[in-house]
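So, here come the structures, one by one.
Two complexes, one shared chain (chain A), two partners (chain B, chain C).
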Partner chain A sequence: MSPALVTITLLVVVPMSLILIYSFYINIDLGVDRPAFSFENWSELFTDNYYHVAIWKTFRLSVIVTVLAALLGYIPAYFIANTTYKHKWLLLLLLILPFWVSFIIRTLSWIHIMGNQGAINGVLLWLGVIDEPLQMMFNEFAVIVGFIHVFLPYMILNVYVSLEGVDRNLVPAARTLGCSPWQAFREVTLPLSLPGLAAGSLLVFVLTAGSYVTPLILGGPNDFLYGNLIYDAILSELNWPMGATLSFTLLVLLGLVVVLYSRIMGMNQLYKAFG
Partner chain B sequence: MKISSTKRYETLRERMGNGDMDRRSFMALLGYAGIAAGVAGGSMTALSRHAMAAGTDIYFEGWGGVVSEALRKHAFDPYTAKSGNKVIDSAFGGESEVLTKIKAAGSIDGHNMLHSSGVSWYQRWVDNGYGSELNEANIPNMVNVMDAIIKPFRAITPNSLSAVPYDYGTTGIAYNTKYVSKEEAEALGANLLLKKELKGKIGGWGGDWANRAWYGALQSDQDPNNIKDWDAVWEKAREHRGLIVKYWESGAELMDLLAKEEIYVTEAWSGRVAALQAQGHPIGYLDPKNGLAWMESMFVLKGSPMADAEELLNFMLAPETALAVAEGQKYPSSLDPNKIAMSDVIKGLPAFDPTGKLEGLVFRDPTTWNPVEKAQKKQWNRLKKGA
Partner chain C sequence: MGWNLIRLYAVAVYIFMFAPVAVVLLLAFNSSQFGGFPIEGFSLQWFEKLYENEAIVRAFKTSFVLGIGTAILATTIGILASLALVRYRFPGKAWITTFLISPVLVPETVLAVGLLLFLRWLSMPRSFALLLIGHTIIALPFVVLVVQARLVGIRKDYEEAALSLGANPLQTFFQITLPLLMPAVFAGALFAFTISFDNITATIFWRPAGSETVPTQIFGMLRNSVSPEINALGFVMIVITVGVPLMAGGLARYFTRKQR
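Entry: the complex of A and B
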């Protein structure tokens, strides 16, 4: 058995199997579970609209974040890949720099930027553009901003790696054959950078769909994801069997996204994008 | 001849570069070297820690923010300096988080003492088998603790305590005095949280179902310790949800939202409001009739180093320590004001009871709240999300 298979078995298959087994247990009281082979939790998941709404909200928000991250991430990635600046490593370092700061701190920082007494409202009030602070916090917009802020580097790095691999002679060749700069980008650069774009999108989608802290900090009462339901079940209601059911379902749903990706792009594209 | 790891790595790399070794073998050897270094490094780190810390490590988890700062400054640091034992303190998101971690790990490693909230959680820890048995003879300062605050804990574990009561407070209503007058707040009481004109400027604690239910009971004119109509309670919670901008999840977030005027009104912990007032923020505090009071204890988990934990608890209950912590965290101490003279600062804290009998405060009755917790907490988690 190869080391990779052993690692995957020990770190993924075994824990997930335990979670699956736990999903059939019965929660008797808070924090007290009884081993059983009951479909009670699964039945609740399939029949209760509460969970279906959360799944819909999660996938909807993940798509929005992924699309916006792709649009916003491509531009800096393209710039870094094509710049003649001799200290390109510095640009890449700047990209990685935010990872040195805690995820929670980075998320909380938006309160100081978009809050009632934040930088944006402060400037607008000072300029006389508005009379009272704009409500930018604690809504879906703030959650999306928070997600993009945190996950954008993943997108940029993936697209950058892909663009770096594109033969530098191809665009000039296309231009000499009569392509406009836009046509050369659309017909040559963009298709060749798609593996990176797709890999980045997959990462951002999966990371967003599995999140729960960002909506807690930046969202209002209507802003929650499926991950928040798992958090409630495990940490608040101390109902591990239900939490296990919800967790396993999320794994399967995100697994399906990866399968869909591999059907469309091919897994070899993912390997390529990750170098 | 001994060679360094760096030298060994360079030799290996050179051999691979010369074609003396294939890449797979090179990576395998590098991997083994990494594992060896990790194992050796790990044990060396453990040994060095052991050597550095002559005393015992006591892991403490609490509520963070000003509360943890007060404990660290006035209790843990002086205790470490005196005893040589190290108190490693950290903040939790709630006791359920700790219980989940301990259950998942299957051991209490890294968890010894908790700033536990209320009698309900005391009961839960004991019911889950984590209750230790404190030797009160090793905590002589217990003699100064109010009988009234010890009584409910002793009722659960008559033979020995697993915790010492340490402080108490209330969850009342905080309001920004620029937008809500004291007279209006007192006139509306718990219904201030439902004032429609303040829509979008109201907050609520999202982390505790019972807190929401307590206020729902007050707003639907029920006795919180004897709720008959849960539908009416949750209807009020729905009404409140329709008016709020955010449910806050921690004391630090509560203070931030009030200080930055993101919210004008919310239920709030008395000590956190006192801290805001001390910082000069225009925040008023109201304990409505039958408002929620609670007591907190220092709970020692079963399997912890008991002698050291008892020594720490005794240090924490020494009047000079307990009163300094109380002033710092802005919650009255569990020490009996009839036995220990309280400072003017403590006498001025919200919820402070000069009689030492706590008869003016209404606490959550675990006999009526614990049996309904499983069902009603689930209901609250759904309602909070609009279901």
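Entry: the complex of A and C
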């Protein structure tokens, strides 16, 4: 038994089991609950439409963010993998750099870009295109932009890793055999880079679906995600059993996504992306 | 033609990634009373205000101690785990590797609630120790991956040579393995520090009442608009989390070049 194994067991597996146990407890008052074996919280989750809407919203938003991140991220990854630029390391360093810039700073920076006193409104007002600032902030669009901004490097790095692994002779070979450049890309490069694209998409999807801070900073009152319900239950309502029920559900739902992914793609690509 | 478009697109994406951050850095020096545009003049007053703001200074201290503690804990545990995983054979190794990096795949919100319930079950209040343990769990997988990657590249022959020359396993570790591993240890520790220093998702759940780290402090200060102080704070944070690793990397390069 290595110490790390003990640490993780004690600090991850035990808490996760506790979440399940706690989900059957009964909430009595603020922060007060009673051990029980009650399905009250679970039946609330299954019958109250409020929770279903939140799950649907979260799923929808995560899909949108993932697809947009894939579309935005693939081409830069392709560029880095194929460029003959001498300082390629600089391009890669610039991809790692955002991971070091504080998440909350990166998120709130969009208020400076899209807010009423932001750069876009400033320029448009100055040019006389508009008379009043455009309302671009505190809506779903701003939340999507914030998510993409923060998670895009994961996508680019994953796609880049798999594009780097593609044998350099394959595309020229396809070209000699009569493929057009586009055909060669579609038939050779794209399929070979799919594992990276899938790994990047998985990460972006799971990270988005588990968040709650971005909507609080960039979204309006209606732009909550499933994670915000957990935040509310635990930190505002102090309803621990419900918070546990919601957390366990999130874990299971996202776990299913990961299992589905590993069934199709295997887990190797994910390790590669981290190493 | 096609390639030029691709290059243009890539440049645009890079601008998308960095322009907003650059704006924060720029606005930190704006003399205006408001956090946004227009820029009225150059001023360092917001940095001064930061220094005078006790709550912020306290948050900084908390974040620093927490980050350093996390780096030490996560790196120590991470080295031991990597040694076990790379140098020893035992049944179920593949499972354990998956398991070790599983916290990466558990949503931080869920991890936060789980650990909090654990504490509640033990009837312990939220404390600095909870933050420290929590951040270590979050950082550990990354440290393990970094150290493991390097350890795989260190040939076992060196260790075996030391052992055959009469060093005991502990001596071998401290005089052979660890020095060879040092770049990865350093990188892992920096990684852990940055992860801890930056964390907000789990920290909001774990922080003891009245205690703030820099990110939660910023979060609390945000009320639909960004104050100039937040910009200055952002500037300082970016200098720490980006500047320190870059400098360390640069120094490491400089010294390895000098040695040759």
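The criterion applied here is as follows: the second predicted complex is superposed on the first by the 251 of 275 C-alpha atoms of A that agree within 3 Å, B and C clash if a C-alpha of one lies under 4 Å from a C-alpha of the other, contacts with A are read in each partner's own complex, and residues count from 1 in each chain.
The rule is short, and it goes like this: a residue touches a chain if its C-beta (ideal position, glycine included) is under 8 Å from a C-beta of that chain, and two chains touch if they have at least 3 such contacts.
Note that this is a predicted model, so its numbers are computed, not measured.
Steric overlap between chain B and chain C is present once the structures are superposed on chain A. In the superposition on chain A, no contact is made by A:151 with either chain B or chain C. After overlaying the two complexes on the shared chain, residue contacts for A:101 are found with chain C alone; chain B is out of touch. Of the two partner chains placed around the shared chain by superposition, chain B and chain C are both touched by A:117. In the superposition on chain A, A:232 contacts chain B only, with no contact to chain C.
Once the two complexes are overlaid on the shared chain, A:29 sits against chain B while remaining clear of chain C.
When both complexes are overlaid on chain A, the residue A:160 reaches neither chain B nor chain C.
Touching more residues of chain A than its counterpart among chain B and chain C is C. Once chain A of one complex is fitted onto chain A of the other, the partner contacts of A:205 are absent, as it touches neither chain B nor chain C.
When the two complexes are overlaid on their common chain A, residue A:59 makes contact with neither chain B nor chain C.
Of 62-70, 80-88, 98-106 or 242-250, the chain C stretch that intrudes into chain B once chain A is superposed is 80-88 (criterion: clashing C-alpha atoms). With the contact threshold set out at the top, residues 111, 115-117, 138, 216-217, 234-235, 240 of chain A are in contact with chain B in one structure and with chain C in the other. Listing the residues of chain A that touch chain B in their complex gives 29-32, 50, 53-54, 111, 115-117, 135, 137-138, 216-217, 219-222, 224, 228, 232, 234-240.
Note for the complex: chain B touches chain A at residues 93-94, 96-97, 99-100, 103, 124, 128, 200, 207, 209, 241, 244-247, 249, 253, 256, 260-262, 373-374, 377-378, 381-382, 384-387. By the touch criterion stated above, chain A contacts chain C in their complex at residues 2-5, 7-8, 11-12, 14-16, 18-19, 22, 72-73, 75-76, 78-80, 83, 94, 97-106, 108-113, 115-119, 122, 138, 149, 152-153, 156, 181, 206-207, 209-213, 216-217, 227, 230-231, 234-235, 240, 243-244, 247-248, 250-251, 254, 258, 267, 271, 274-275. Of all residues in chain C, those touching chain A in their complex are 2, 6-7, 9-10, 13-14, 16-21, 23-24, 27, 34-38, 77-78, 80-81, 84-85, 96-111, 113-118, 120-121, 133, 136-137, 140-142, 144-145, 148-149, 194, 197-198, 200-201, 204-205, 214-215, 218-219, 222, 224-226, 230, 234, 237-238, 241-242, 245.
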